[in-house]
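Next up, some structures in structure tokens.
Shared chain: subunit A. Partners: subunit B in the first complex, subunit C in the second.
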Partner chain A sequence: MLTYLLRRLLLLIPIVFGVAAIVFFGMRLAPGDPVRIIAGPQAHEDRLEEIRREHGFDKPILVQFGIWLSNLVQGDFGNSVASGVPALRLVSARIAATLELTVTALIISLTLSVILGTIAAVNQNGIVDNVVTFNAMLWLSMPGFWLGLMLMSLLAVAVPLFPISGRGDSFWSWDGIRHLALPAITLGLPSAGATARIVRASLLETMSQDYVRTARSKGLPERIVVTKHVLRNSLIPLITMTALRLPALFGGAVIVEAVFAWPGLGTLLTKAVFNRDYAITQTAALIITALVILSNLLADFLYSITDPRIRLE
Partner chain B sequence: MTGRKRLIGTWFKAFKKNRLSILGALIVFVFVFVGIVGPYIAPFDPLKANFRETLRPPSLEHPMGTDRLGRDVLSRVMHGTRSALYIGFGVVSLEALIGIILGTIAGYFGGIVDTVIMRIVDMMLSIPALVLALIIAGTSGGGLFTIIITMVIVSWAYFARLMRGQAILIRQMDYVEAARAIGASHGRILLRHVLPNSISVGIVLATLQIPWTLMFSAGLSFLGIGVKPPTPEWGQIIVSGRDLLHSAWWITTFPGLVLMMIVLGFNFLGDGLRDAYDPKQYTKG
Partner chain C sequence: MVGNRFGKAVSLALLVSMLAFGIGFAQATDNTLVIAWGGTDTFDTYRSAFAAPLFVFSMVHDTLFAFDQELKPQPVLVESWELAEDELKWSFKLKEGISFHDGTPFNAAELEAYLEGSFFEKSFTGWMFANVEDLVVTGEYSIDFVLSAPTPLLIYNLAYPWNIIQPQGAIDEWGEAYGYDALVGTGPFAFDEWVQGEKVVLKRNDDYTHGPDFVQNKGPAHIEQIILREISESATQVNELRFGDVDYLGVPSSQLEAVLGDENLTVGAVPSYTSTFVVINHGQPWMQDWRMRAAVNHAIDRVSLIEAGWFGAADVSYSIVTPASFGYWPGMADWGKEILNYDPLNAARLLYETGWVLPAGKTVREKDGEKLSIKLITFNFYQTYGEILTAMLAELGFEVELFPFEYGSFYSVIQEGDWHVFLGGWIDQSGFGTLQSNVTSAGIAGGTNNSGYGNAALDALVELMNTTTDPVIREQASAAAQQKVVSDLYYIPVVVPLNYVAIVTDRVGGFDLLNAHPWRLGLIRALDLYIK
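Now for the complex of A and B:
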């Protein structure tokens, strides 16, 4: 187990390195000069030169990349070009808000999809099944930001049940939950649609197994058969699907955060991209990718917990 | 040849059985049709402001209402279908081309080529596509061309992964072994055996990638990266109604509904194609 963990963590290094390179060169090769943005449109050429030297932008790109990487391994993520504050401090201040949003969305998505998927599978091809399957398809076909705007328009503007935007006091307070509700539903619902379909398919697959027939024939009530025998054995595809959707979840969070002005990594990243703030953009992208990879690792551990036959070696 | 014909016949029958996929095909057809002729049949000029008609709610004259500048929302949506068509089909055919070539090569040859390509694929798949697209397109300032290139960069890896799996599967088939035994070159085996036998899986993925691309590009427009403002584009139209949710709900609602319908259509079609293609379905009856 420990060696597995170590090996997986070591494998992270080339991936993070690659992501760092893609983001770094993606930004540098694009037109647009951060120095112009800091100095303002009227700045004199001498002042621009000075800022360039200060931030090391006058060196060749490859040298800049080398310097950035060597600082990175020493834990220095660079400073924000606009404010001079260390990028890592700005980024880590936002992690909690993004995790709060994504984890809640994930809980909503998993709960809904297991319940709906099970209901659909138990009533295979009946009316209930058709309604659920159609709804799942509908949810996963909704553009996240549009769903957010619709929910906002209905439940925050027309009927003011929820606040329009922003983050509330604390996660555990009533105010916090009210602020979190719409963004989390917006992020969770499309994902619930996709996952419910997988749950349904996986349950149907399991239901045709011999041990389910055995369980039924020894007279167990259907409820026990479904919860104890079928559901437990259908969880693996659910975990796989969820792990595969993690990048989309974090990507979707960027948009949902923009819709509801949620102060997370996404809003920070979007603003940094427009300001050409290299350090913040790179740090935020690296942290988001690291979150995705770590949650994937977590999914691997869930595999071995749900199915003891799977050993991590 | 008759064998192949029979296969297509069975396949078509399985597809026809699924009424939702027929509906999906219909929606996709309407989408393509409006994308081609929309700009000619739209009732109003999508760009011309009319200040006597600002923020009109839906009516017979303006079924989707008018926006802040008095432009007919329906006409704007119809014109926007053109760029959606470009983005949807343009992006997916390019990413499919790159993904199919790299994935097939990786799966067929294996070894170091495979390792290198798949490491890059792993990398691409672990960065959220939206984050990467935001960074690339955001720093280069948007525009239709940038959006298309960006979306190809962030999504070719899905095709590569899928086609690699197919190539590995087909490489072990007896007919490939036979072709090799009679001295067929790698190029010939790839073109005559591996590609034709894995392309249908690619088509299914392409059908499911198009709606994803449409939603994704609308999402990018929402963040402020996309086709430049006066050009009618769905994401842009939806965003333009954002601050008017309390007074002019129609500007956001209708274009979004249209986008959702089209995404739904492609998803139904893709599902139908996948089920029809899945050989297990035939035996299950």
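Now for the complex of A and C:
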């Protein structure tokens, strides 16, 4: 298994670089001059030229790519055009907030989806199943932006249980949890809707297996049958789905962070794309890609724990 | 019975949870002003010319001069000044006893070190001082600006909000991190902390006593601390103002209704220094005919555009210089009404005269078998306005292709030249700068005259405006230049958005004093504001 993990980790390098190259060339091929954007219309051309030289934008694009790669292997991700500060520093300052939000949203999503999916499967085609399915579809269909504003209006304005926006003192403090609640629910709920459907389908398939029938015929209570025999064997699609939805969660975080003034990567990245701040965009893309690949690796690892028949070779 | 017990339990749970969560989130009771704003990437004026940092500059820094309520420059860091007879030297006597927040004393040597050490070369507004040949320190608090040519607008330029004074030592010491980890000025508030993406904290400078004459409180500020909370979403900003912990907000027009209906808020409106206009591409042969441009002008129903696009939060514009910019000629509103009016019949007549006729049963005008098709470009954040303008032009028989683009691609789209009409805007506190950049031949080469239209008479007027030492002649030149722009119709003024500002009435005082200035907080120091 160690060899497998090492091989996957080594594979991470070309994938990350491939994504980085796409982002590098994609950003540069898009119309727009970052120096003109930040300097405004009144700046004189000689000053603009100086800034372009400072950032190496006066060089051919392939030379720029070579310099960027060479700096990258030395741990230099480049400096932001807009602020002059190392991009890695800017991204690092924000990544914790985004991870805090996405991981919490993921936990909310998984918890809700397992509970609701199980309830729906156990009560297949009954009223409870229909109610759960309806809710799952409803959450899945709600745009994050709208859902966020509705939750804010309801739970922060009409009944002020949570703060309207912002991030609390620290993740572990009561204040931090209160601030995190609404953004995390907003991000996690649509995902829970989709995943609950998968859990339900997977449970129903497992429930029709012979060994489940055997368990029931042995006289085991339904609770034991479901939690001990069915649930664990239904987890594989859930793990796959979770790993696949992670990039969507990062994408959704951009909107949720804007709605709740959450100081994560989303606002930084959005501004960077509009300002053509290459270094920030590339650094954020590298880090998010690495995180997504690592989460997929974690999913592979979880497969082998969940189902001992799966070996990582 | 069960229902009753259940109800009690729910009520109790709700009460406990409300207490636990601190229901109501009472407003901060200390002497802190909380402002919602959109945030920035940097506070380094040499790196970014975005307007957002001005909010902090006006608190942390001083300019040598600042504009009063009539938009006339008044001294801030300067005690007195004198212009030599040959007009080639300005002598300034600086105020004594002022220090930067890092303890560096503010004096003539420090000013020279800053201006010559970095500002003239690196600032995006350094070109305003191109005529400054030399700086000569003549005493601890005396400095001469030696000029290569008379520069009557020097004081205006020194009062320009971007031309802040900073200690060169701090800029050198912090290097790339200046404007991010550190920001040093002489202003009424000192830069204390910047939590990226979250908030900027400014602490009162207790030593500040040199506020300009046009504010009532010369310092120190009444408010001990200012927190600028970074909130980008406008609905969230308004919710925080109405129900959360924000005290002051520049209200986006889309949220105006909610704010105006709230009796706990005091709302004030000031004209913005953003000018919104339609630019006609001189490079398109059709558009070189004045009648075509006049037809476009008369097709614009500015009142409807303001109602539908700006939710009523704008005024009709009669000059590309806005009333909130210095250099605006107040007579433009009356003068411009004669030309800048909605007159679809006249527009149709002008189009007919130029040979563009509307064939029976068709909605698009034609001439020699060719359709009257134009491409209207605009920023993506102006898309709604662009759609309204498209409909107005279509009413007259134009076939309009609307092309909204994001700001990042602005220069490449403009330079490609594949457009007829550009619905754009210009943000400038200086009317002189607006004219110089947009409508002169020099602006064509500089890339800011998007129309590409040059006119010798207009160039001469702008040149006179910039070089005359006689304020009366300057005003006349500025007025004539603004009239010429309107009558030529390459730049067709459309609207001036209004800036609405809202404060929480029972928290913040001194708002009337602040609002007496045409520039809202963000260019004006928060010296007169106080927490009740």
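As a working rule, the second predicted complex is superposed on the first by the 312 of 313 C-alpha atoms of A that agree within 3 Å, B and C clash if a C-alpha of one lies under 4 Å from a C-alpha of the other, contacts with A are read in each partner's own complex, and residues count from 1 in each chain.
Definition applied: a residue touches a chain if its C-beta (ideal position, glycine included) is under 8 Å from a C-beta of that chain, and two chains touch if they have at least 3 such contacts.
Owing to the predicted nature of the structure, the values given are computational and were not obtained by experimental measurement.
Chemist: Thinking of the overlay built on chain A, is A:116 touched by subunit B (first), by subunit C (second), by both, or by neither?
Modeler: The answer is neither, since A:116 touches no partner chain.
Chemist: Which partner chains sit in contact with A:20 here, subunit B, subunit C, both or neither? Use first/second/both/neither.
Modeler: neither
Chemist: Examine A:248 and indicate which partner it touches, taking first as subunit B and second as subunit C; both and neither are also allowed.
Modeler: In the superposition, A:248 contacts subunit B only.
Chemist: Report for A:166: first if it touches subunit B alone, second if subunit C alone, otherwise both or neither.
Modeler: In the superposition, A:166 touches subunit C alone.
Chemist: Identify the partner contact of A:87: answer first if only subunit B is touched, second if only subunit C is, both if each is, neither if none is.
Modeler: A:87: touches no partner chain.
Chemist: If you stack the two complexes on chain A, which partner ends up touching A:271: first (subunit B), second (subunit C), both, or neither?
Modeler: second
Chemist: After superposition on the shared chain, which partner residues are touched by A:258: those of subunit B (first), subunit C (second), both, or neither?
Modeler: both
Chemist: Can A:149 be said to touch subunit B (first), subunit C (second), both, or neither?
Modeler: It touches subunit B and subunit C both.
Chemist: Now for A:207: first (subunit B), second (subunit C), both, or neither, which partner does it touch?
Modeler: After superposing on A, A:207 lies clear of both subunit B and subunit C.
Chemist: Where on subunit A do the contacts from subunit B and from subunit C line up?
Modeler: Residues 30-32, 149, 152-153, 157, 258-259, 274, 276, which sit in both footprints.
Chemist: With touch defined as at the start, can you tell me which subunit B residues reach subunit A in the complex?
Modeler: 119-120, 122-123, 125-132, 134-136, 138-141, 211, 215, 218-219, 222-224, 235, 238, 241-242, 245-246, 249, 252-253, 256, 259-260, 263-264, 267-268, 271
Chemist: Flag every residue of subunit A that touches subunit B in the complex, lowest number first.
Modeler: 14-15, 18-19, 22-23, 26-27, 30-32, 137-138, 140-146, 149-150, 152-153, 157-158, 247-248, 250-252, 254-255, 258-259, 269-270, 273-274, 276, 281, 285, 288-289, 292-293, 296
Chemist: Give the list of subunit A residues in touch with subunit C in this complex.
Modeler: Listed in rising order, the residues are 30-34, 36-45, 47, 79-85, 90, 93-94, 97, 149, 152-153, 156-157, 160-167, 178, 258-261, 263-264, 267-268, 271, 274-277.
Chemist: Show me the residue ranges of subunit C that touch subunit A in the complex, using the header's touch definition.
Modeler: 17-18, 21, 23-25, 39, 41-42, 44, 47-50, 122, 124-127, 176-177, 179-180, 195-198, 229-233, 235-236, 239-240, 242-244, 406-413, 426, 428, 433, 437, 446-448
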